[in-house]
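Next come two complexes, and both contain subunit A; in the first it sits with subunit B, in the second with subunit C.
Now for the complex of A and B:
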């Protein structure tokens, strides 16, 4: 990578900092002394690359389908001067679904990397520790009308929270680290999965059909309002996660080390956990349990990034990219039959998980 | 280069400190003052509460009663970050994220001094270079932590705490997994830090090393202090028997003047 030492402005003794390899540093004289910002070169390149790939995938996503729209026409439709047909297909049919794919993929992956960092375990994603299933069970309950019917997003959030609380309770004070937490989560997830199936088995077949997308994960039946709520939550969640990035980097160490370096470990943990659970609940409310993205997105981000920090943004972008590609494949591969995105990610994610388990052990912490 | 962390040396003490580990009360109303600018070693049998005491001093565990005082102020009331500029901690068996290099690890020591708009300063750079040099790691600066020997790795962790520039340094069994040569590397570094104005407190399970490298010894049994002072003055066959249930003879090391344990053996049942 080319050496580039950032902008040194203001002069003075404080600014004569020898370059730190692999970083771009921007320094200026602020009102309260010398200020400096650091950007890891590799992270900048990775994030830009993933963002570019996401844009490209999005254009292809908008262009392919039962009605093909040429990429140029897609761009024209987006900026408002295309023929009626192209405009309708792109803006009315595909764009909302693309938005759903991007936001759910991003939210699942962000929730995933947060939970993995919290648990210091690469397997500890919300999908694996049962939070997806909890959210799904509650959302399905509200659809099939078991007694109460609050909007699915609220129910999904409540379900995600319930599953998280149960998992913590069953991990019995051993905290978020170690296998006890993960095993407890898998158990909680299995119970919620069974409850979901039971509810579907007991209702009329039409109602069960209506709830079916929820159980596999699909972008076909997006509840109104849930997407807007997710986009709002994602923006807030991503900003918070970026603000916590420095603490997250230190949370990878043992508690004692992180605490010794000035991180309020207990409080940060709680914040990260709440964030992860909320993002999962909001994303499940839109797409159902597509938790595999929470595993794949962070994994891609980590393999591209250095180990200096937690690649929060890269994981988010990678998750969005995976979701867009998976839904694109689901829509087009067997057209006119549509494969739910949850099935596509499971087909890809299952072998991926096996590969993670079987390749030579690299500890995450 | 400013070597000493701060001009005034803060004092660390406990005031009728009581602490539990789980539901078991481990320490009950303990009063100690840690001598500034010296190496203090806390020794005692397994389960005597020495690690719990260190966790209390570092604010990792909350006391049940009493307080840990930093310059007379209760450390529970200090913001975490502020405490991290006063007191550095090296926990037992610290683990670094995979692939991190020595310099990258040491840079984390600057964390408490940094902020959103103060991410990397000339001062940070100087201090990290100094820490690398002090720990004798210049040649290994870009080596991944996983590729180091045990002694080098431990020195890298200590270098991180050096970069933290705290007047106080707490170490939990810093040499427990190291062979003799690597132990000496670490102890000499610790000694060097104390000579340059740091107050060092370390938990040790090896009484011989404590005698050799500590200026001040705190011997604990069942949560109580049974002896405290200069090793040459407080280490006696009686003390060793009370601590570890073994008999021994004591010599003075002709080379260093430190107490030397010899002929260590189990107490005979007939007595």
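Now for the complex of A and C:
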């Protein structure tokens, strides 16, 4: 555990700690003794790179569409000195959608990497084990008004929780590792998918059309209020996840190892699970089930980062990047027809999932 | 199975015959109900009066022109999907191998959508195209199963199949978004339903179903030998490779035909052989016989429910089969030891 070596040995005044390979270490003399802060070089580079890529993709996202705005004009429109048309298109039409894309992508990917770490199974993303579908079914129920109509985000949260309880409950005997857990989750997801169809078939066509985006995943119909709620939840969730990062790194090991290193395993598990389910529910309330992002984002982050720690921030950024690019592709590839972002991510993520499955079995996460 | 442990072979042997008779009776009852019940003004009473000889032109039209073809098609689709499921499970030696889950139906649906976009017309080309798509899907999935290590783990194969069929389904919807004409032509077909199918559709697929049943009858015995292992089958004078290819061809013919009429329907090929094995025991030949009444029973029951729950509109058939199939999937997966086929 190189990360702990540095921290445990601290940094004395004469700084006798040998420099750790691959880390930047900042040591300074505080009031109560020596302090030091270490950053993994690769993580810093990866996060900055992903952030830069996200900014670049965002500018392209704002500039492309049925009305083209030059990248420079986009920047001008953002900061308020451009012609009316450009600033209307950029600020009123595309910026809210970009915000939705970034925050849903980030939330799905964060939820994905949390769930994968929790289950010690890289296939255990909320989208695959049926939590997306549960949230979707409940959100659709609130739109078509089956008896009780609460705002979609609340219902999506309830649905995500129900599906998570079902999947984890069904897996109670066999544990979350391996493929049985995943297939049980697929079964749960299939039931909720069927329930969604059932509800859509029961209502008038207009109501069904209003609920349709939820069933495939699209950024076209964002219920008012859901986005603000998601951004708030995402900020909170990301901060919590970063604070939990060290426990997450340890949760990857056996329970005995983790608790020996000072992690309250059961409590951390519950916290991580709740966080992941809540993020999924909030994100589904905005964009519907785009669960593949929860698989792709963490995969990208893991392939870029070292395996020393769980790349929480990198996965979040990668998820946002994937979502922005996918929605950009969906808006522009077949224009004027718009491909729902859920279909784009499924077409990209499906082969990826197959490739993961067909590789010879290695350790998970 | 409720047969007690100490039951002698004679008791066991008597049970399947009784069960078969019971199943056939149930199938006839369900078919009758399928003729009697439906949306619209012709209720069970009027339909029953018509069947016992009353003169009622509206009821005659609805019962004989709409419901009867639908019932017959339901029977054919149920038989095809049930038998195809049992065959695929036998050849993949995997109780979870199901044409819908493994992407065979999705392959057929994708092929039809692709053909429509490339300019074919729905009426003429659908069946062979669907069968070709099913064949390609089947070969893809089974070659994945032979891929390093995947085949040893039945559940991993199912995951690969689910990923594959999810991919094909989204490609299909991509095509439908791209081409409005194709979307209009197959919108009601791609969700999986028996509504509005005509008898001509059934006649069009009947030849391939007949061919498939002849082939199945011929290979049932070698297939039972194959269940004992490849070496035993070779030792008994069969050709495992040839049998496998024939089975794959049969599955493609059957699933392609069923998908061409009714659209992609998942989980029938999982539930039906599951129940049939519970009745028939491990022998594939007996299982296949039991699939013949159980498949139509499930499809017809689902179809009747799909007409009734949301009357006057209709539910996609796949919704109901998923609602009843997913719990079976979970139950099989949760079982401590997967039954190896």
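The rule is short, and it goes like this: the second predicted complex is superposed on the first by the 337 of 365 C-alpha atoms of A that agree within 3 Å, B and C clash if a C-alpha of one lies under 4 Å from a C-alpha of the other, contacts with A are read in each partner's own complex, and residues count from 1 in each chain.
The rule we apply is simple: a residue touches a chain if its C-beta (ideal position, glycine included) is under 8 Å from a C-beta of that chain, and two chains touch if they have at least 3 such contacts.
If you're wondering where the values come from, they're calculated on a predicted model, not measured in any experiment.
In the three-chain model built by superposing on subunit A, subunit B fits alongside subunit C with no clash. Touch criterion not met for A:329: it reaches neither subunit B nor subunit C. Contacts of A:273 after superposition on the shared chain: neither subunit B nor subunit C is touched. In the superposition on chain A, A:60 makes contact with neither subunit B nor subunit C.
Shared-chain residue A:216: touches subunit C; no touch with subunit B.
With both structures placed on the common chain, the touch criterion links A:255 to subunit B but leaves subunit C unconnected.
Of note, the Cα-centre angle with subunit A at its vertex and subunit B and subunit C at its ends comes out at 90 degrees, rounded to the nearest 10. By the document's definition of touching, of the two partners only subunit B reaches A:308; subunit C does not.
Once the two complexes are laid over each other on the shared chain, residue contacts for A:194 go to subunit C alone; subunit B is not touched. Of the two partner chains, subunit B is the only one that A:37 touches; subunit C does not reach it. The gap separating subunit B from subunit C at its narrowest, counted between C-alpha atoms of the superposed chains, is 17 angstrom.
No residue of subunit A lies in contact with both subunit B in one complex and subunit C in the other. The touching residues of subunit B, when paired with subunit A in their complex, are 55, 58-60, 80-85, 87-91, 94-100, 104, 108-109, 111-112, 117-122, 125, 161, 164, 172.
Contact residues on subunit A toward subunit B in their complex (touch as defined above): 13-18, 20, 23, 25, 30, 33-38, 246, 249-250, 252-257, 259-264, 306-308, 362-365. Residues 96, 144, 147-150, 153, 155-156, 158-160, 162-164, 166-167, 169-171, 173-174, 177-178, 266-267, 309-310, 313-316, 318-320, 322-323, 325-327, 329-330, 333-334, 336 of subunit C are the ones touching subunit A in the complex. Across the complex, subunit A meets subunit C through its residues 123, 170, 173-174, 178-180, 182-184, 186-188, 190-191, 193-195, 197-198, 201-202, 216, 334, 337, 339, 342-343, 346-347, 350-351, 353-354, 357-358, 360-361.
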